[in-house]
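Before I ask anything, here is the structure I am working with.
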Amino acid sequence: MAEEPMTTRHIPDRLQGRSARLLKSWESLLVVVAILIFTVNSFASPYFLDPWNLSDATFNFTEKALIAFAMALVVISGEIDLSVASIVALTSTAMGYAAAQGFDTPALVAVGLMTGLACGAINGLLVTRLGLPSIVVTIGTMSLFRGIAFIVLGDQAFTSYPESFAYFGQGYVWWVFSFEFCLFLGFAVFYAALLHLTNFGRAVYAIGNNQTAALFSGVRVARVKFTLFLLTGLMSAIASICLTSRLGSTRPSIALGWELEVVTMVVLGGVSILGGSGTIGGVVLAALIMGMVTFGFGLLNVPGIVMSIFIGFLLISVIALPILYARLKRRMAH
Amino acid sequence: MLQDTTTLRMKPAIALEGISKSFPGVHALSDVSLSLYPGSVTALIGENGAGKSTLVKILTGIYQPDGGAIRVDGAEVHFPSASAAARAGVTAIHQETVLFDELSVAENIFLGHAPRTRFGLIDWTKLNADARQLLSRVGADIDPTIRLRDLGIASKHLVAIARALSIDARVVIMDEPTAALSYKEIHELYELIDRLKADGKAILFISHKFDEIFRIADRYTVFRDGRMVGDGVIAGTTQDDLVRMMVGRDVGQVFPKQEVSIGGPVLTVSGYRHPTEFEDINFELRRGEILGFYGLVGAGRSEFMQSLIGITRPSAGAVRLDDRVLVIRSPAEAIEAGIVYVPEERGRQGAIIGMPIFQNVTLPSLTRTSRSGFLRMAEEFRLAREYTSRLDLRAAALDQDVGTLSGGNQQKVVIAKWLATKPKVIILDEPTKGIDIGSKAAVHAFMSELAAQGLSVIMVSSEIPEIMGMSDRVIVMREGRMVGQYERADLTAEKLVRAAAGISETTP
Amino acid sequence: ADKKIALVVKALGIGFFEAANKGAQEAAKEIGGVEVIYTGPTTTTAEGQIEVINSLIAQKVDAIAVSANDTDALVPALKKAMDRGIKVISWDSGVAPEGRQLHLNPSSSALIGNMCVKMAADNLPEGKGDVAILSATATSTNQNVWIEEMKKVLPNYPGVNIVTTVYGDDLADKSYRETQGLIQSHPNLKAIIAPTSVGIVAAAQAVADAGKIGQINVTGLGLPSEMAGHVKSGASKSFAIWNPIDLGYSATMLANDLIDGAEAKPGAELSMGRMGKLKLGENNEGAMADPFVYDASNVEEFAKIF
Amino acid sequence: MNMLLKNREALLVVAILALLALITLRFPGFIQPANLGRVYNDTSILIILALGQMAVILTRCIDLSMAANLALCGMVAGLINVALPGLPIPLVIASVVALGAALGAINGLLVWKLNIPPIVVTLGTLTIFRGSIFLLTGGQWINAHQMSDAFKALPRADLLGIPALSWFSIAIIAIVFVVMTRTAVGRAFYAVGGNPHAAVYTGIDVGRTRFLAYCLSGALAGFAGYLWVSRYAVAYVDIALGFELDIIAACVIGGISIAGGIGSVPGAVLGALFLGVIKNALPVINISPFAQMAISGTVIIIAVAVNARAERRKGRVILKKAEAH
């Protein structure tokens, strides 16, 4: 651009074609990693390529991924919600309480969704109304929400869920496709459309890049952020319905530590923790990768903590490797 | 002339030879050479993105050059960090603020080279005493122990200057030091520069304002597209010569104000007040009018303008647009109503530098480019293309991130973004701050064109020539109040300055 | 091919379960043609166990023997295992009846409850005083059953005044802190019953640190190797435990019996190898043996074994 | 200005005193000096860790791996002691402090050289450090009876009626205070967090400063690892699990801005003490242990809200009423 002459010039729309950009993207790196892990797994264990086993394996990640979709949007907008796992616990407790009062399945779902939304609204209000940093607000509500579950339940458990409630976590829509997995696919499409094809999604990116400029540009920043926290509350509630249904019982320690796994999934999916960039496709791939790693290691009876080491390395190296590669290339060029 | 022959006989304090620097995709500097002489002021001029600030950063050890050499007293040196450059006696007032709001004034001045006790610990007593001394040298009456955030913008600037002087420097660099300063402070700065010159410092002065270049510089160097295209002695050159070198062509009229027949009132503001920022604001903006708002920095103009679009909430007052009373609670509502505000802080409030040009341009207009909430990219590109080409934007592609553009081009994107909303009233806050003369002319021409089409414009500016050249009418603000209103016919620079500074007309 | 029996424990790395694994391996050798997969989560969570169970189902193991972190939460996963033809038993810490074919209690819960209270009562000065319970996690099945049993036998020990139950979550530091709290808030505390091998050690340590040896007696269930020092110091006069090696051994034998076609129903008798027969009672539960009491006279000897 | 900062700490002191008064109403024994000393002793480790976290947060980073670092170093201290029971304890401490600093340096290097966001780096190393303990031990515990007496005795040793653990934390408070207020690197922490961009122009190497902050937090975590393991006389994979959130909470309550550049040593100490008092008081005033979580959550939220209010910039006053014509 520096060399061009002084006449009014025509500026092309795009510097490089879509396919060129796609090739260089984070998502294509993740696809390679996913294929690699899939191949290694199929060789490492004879049980891996069984459709029912693969279907069982999806339960390792679907619930967390549901939360991760909403979390991705929150992180892109430059915030974070560490209270999601506690919302799962509180929602589950609320449903358990309602079930103990004899509510039927639709009413339980309604109670769950309302509780999740209420928790999201509390986070949203604290962040948007009082202007507090979300990382500390949600560390606080993380203790608060789970703390309420502990006060309600103590050392007890709710176990009396109606028969039909089991469908969400244990039912199959068709053949090996579980209800949870279909929910996962459906929400993947929904969130991809929301983030990439709508004005709302554009606003999320704008806020994450520069909140003040977005406000000046007519983006309703507080409203968008509040909505995002409502969404994480809602998705946590949906995940809670699935998990509670799958376990058939509620303890206050349910879903302990999930917040970090969800954040890991989001970051592994290429969402910038600093806000402003990331895609739902990346999160879907990251969910699949984490699920396959957990399952593959599980088949080899590798302890869970070793899998988490692997995920930890993956997290750092998928970010570090492209940087190191670019640096190496530059050094070679000189 | 006399002084210049002496400098020529002298050895340069610092010399750059064949310096090059590239960023991914840009040759910011190619093979430039520049010498600075003791006791002499060299002006560095060039369009936005010509590479001036990059050169400053190389001189102060913030960037490393890709090639070439820096010589101090003839010996080649390397500046791996800012502190290395400081040790070699190079100090700078940078284009960006480089101060720390949360630290004390004294610490801001001495951060990185604080005096130590025998045990190697920081000596706070001496530090505060030294700071007090330095502040008085720049003529600032500031308590060095208070936190910087509690200072006004002008005082902060003085702290920045004190910091530059805290290093016993032989070379002092000033990158657009007057861009954010008011009339009075600019003149104090000139005096300070004269004193530094008399002390034998070599000074590099970067500015887009020709009046000040001719006021203080002895020599000039002109950059174009990262290359040096000319240098010489100021005496004997004219502004037109310099502009031609800078731009590579003649620039037409700088303030191309078109005569417009001004219509009836569009926007009426009455009784606007805010508990701490402003009060008693009453005026009327007419169709096709360019209304200038003049005042010193910190006069409260921006605060007031932002209250018109719902950022700050006024405690009382009413706005009417086309005889409709408006209650505006957010910029979104203002844009809907047809009032838009182009903010002054480009980096913070204006541009979203991590997003592509076209998305920046369409952000406030999304409701128009989308269909039932869904984006339409083709429509967005069309809108972006239309407005960026009208402002003569220079970019490689419309999906390029705004952050990769030079300052002036970023400003054009920012202006395009609000124009694309097709407003009835547009408020431009310091629209040409820090942009080069060519871009400035483009912005001004466009402003005139808009007014001619019946748009009403409010232009906030602290530059007298711009205010006088472009406005049909000028309102002067001081300490949050309107203190004067002048029609174009009876505008004089003196009246404006006096009103803004609070000097009554009668006293001489 | 080998029969595959999975021994799923509450968490890897706990001495008690490592010992159980020893027993399981012994049983496998004795039976022959059996591979024991010793596995479990790294923290004591139900979700971790469910993931482990899912991967065991995928590997088509022949039997799963689990010490559960949660009575109810494992049920759906274990049901699925049974649907796919896998034999499921629980041992040590049980699963609700619909989630397993049988449950092996290390000892009868009533005996354990009684033993714990008795050990506390025997060492109370003047035969009466305040006693507190330090449990593991609030969700831990076996702990809760034992505490219930303790409360049932209280009328037989009029001197014992149970003041509170606190939870150390099977974390040494949390148990330590909870014990400190107990010492603080109950100045007349004379004994702490910790029916958990992690809790009892931490409680003894806290009592020793607080300089309360001789005033507060720590008792409950613990491993001789971990408790030997505290018995010597006097922080604990006595404690009880069954042999975890035997427990792992018996669980493996029972699982093998089921694989070989034995049927689990109330009244049935299944083989536990050298440990004899297990007679299933109501709910398909059976007890292995009586708890054994360790004190200064014998702890050193057993410390070398487990 | 400074008054505001002082106010924030004064506010915390008042809050702690009010809390103590409240507790005393229900359990008078709580404010006996001996008991307060015990509460302080019990909070010592949290104080040490909060000071390390503070250095990192000041530079606009975060260290989620501190608790995992502590656990790994504690385990290593235990392993060393088991393998070489005769090795003098100061040597054991020196080696785990070095190990902790090295682990911190890994975080620091990833943040510095590769520019990976701190939260991502430490989220990754958090799992890696914890997992390494498992790899190192196969999940085995180290129990009290395996540790040498000297190993367990040090934090309990009594000096002038105060346990050594408390003395250690007092010494570290003093050292960190001097580092933060009187050394170039301490001031650089503030500068880098307050305005990283400007720090470069001031000749401060932002990356290197962050690296040093991580080394400091790592070294303190390593030291705390020894203290933890010897105090509770046990080492296993999950010690201090989730403690990173307590550490961050202590900092937040102590008024250390998560956005960097703001915070003080007294603040961090008071924040940790506030949490310590609550934790120790709940069991003795007979509040169900199940309520503890909800209470500390509420306290954190209130603390952030209060601090944010103090932080919020006072509107700069343009209008001068006195001069109104």
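Here are a few things to note about the model shown:
We just call them A, B, C and D in the order they show up, numbering each chain from 1.
What we mean here is this: a residue touches a chain if its C-beta (ideal position, glycine included) is under 8 Å from a C-beta of that chain, and two chains touch if they have at least 3 such contacts.
Going by UniProt, the chains are A = Autoinducer 2 import system permease protein LsrD; B = Rhamnose ABC transporter ATP-binding protein; D = Rhamnose ABC transporter membrane protein.
Since the structure is predicted, the reported quantities are computational estimates derived from the model, not experimental observations.
Chain centres were defined as the mean of their Cα atoms; on that basis the chain farthest from chain A turns out to be B. Between the Cα centres of chain A and chain C there is a gap of 37 Å. Computed from the mean C-alpha positions, the centre of chain B lies at a distance of 43 Å from the centre of chain D.
Chain B and chain C, compared by their mean Cα positions, are separated by 74 Å. Rounded to a whole number, the gap between the C-alpha centres of chain A and chain D is 30 angstrom. In chain A, the positions touching at least two other chains are 154, 252, 303, 305. In chain C, the residues touching two or more other chains are 12, 42, 138, 167. Shown for chain D are the residues in touch with two or more other chains, namely 134, 139, 237, 290.
This structure has the following touching chain pairs: A-B, A-C, A-D, B-D, C-D. Residues 12, 37, 39-42, 45-48, 50-52, 54-55, 57-60, 70-73, 75-76, 96, 137-139, 144, 167 of chain C are the ones that touch chain A when the two sit in their complex. For chain B in complex with chain D, the residues that touch the partner chain are 60-62, 81-86, 92, 94, 96-104, 107, 111-112, 114, 120-122, 124, 145-147, 149-150, 152, 274-279, 298-300, 303, 479-481.
Chain contact summary for the complex, chain A toward chain D: residues 126, 130-133, 135-137, 139-148, 150-151, 153-154, 252, 257, 260, 263-264, 267, 272-274, 303, 305-306, 308-309, 311-313, 315-316, 319-320, 323-324.
Across the complex, chain D meets chain C through its residues 27, 29, 35, 38, 42, 134, 137-141, 143-145, 156, 228, 232-234, 236-241, 279-280, 282-286, 289-290.
For chain D in complex with chain A, the touching residues are 110, 114-117, 119-121, 123-128, 130-132, 134-135, 139, 237, 242, 245, 248-249, 252, 258-259, 288, 290-301, 304-305, 308, 312.
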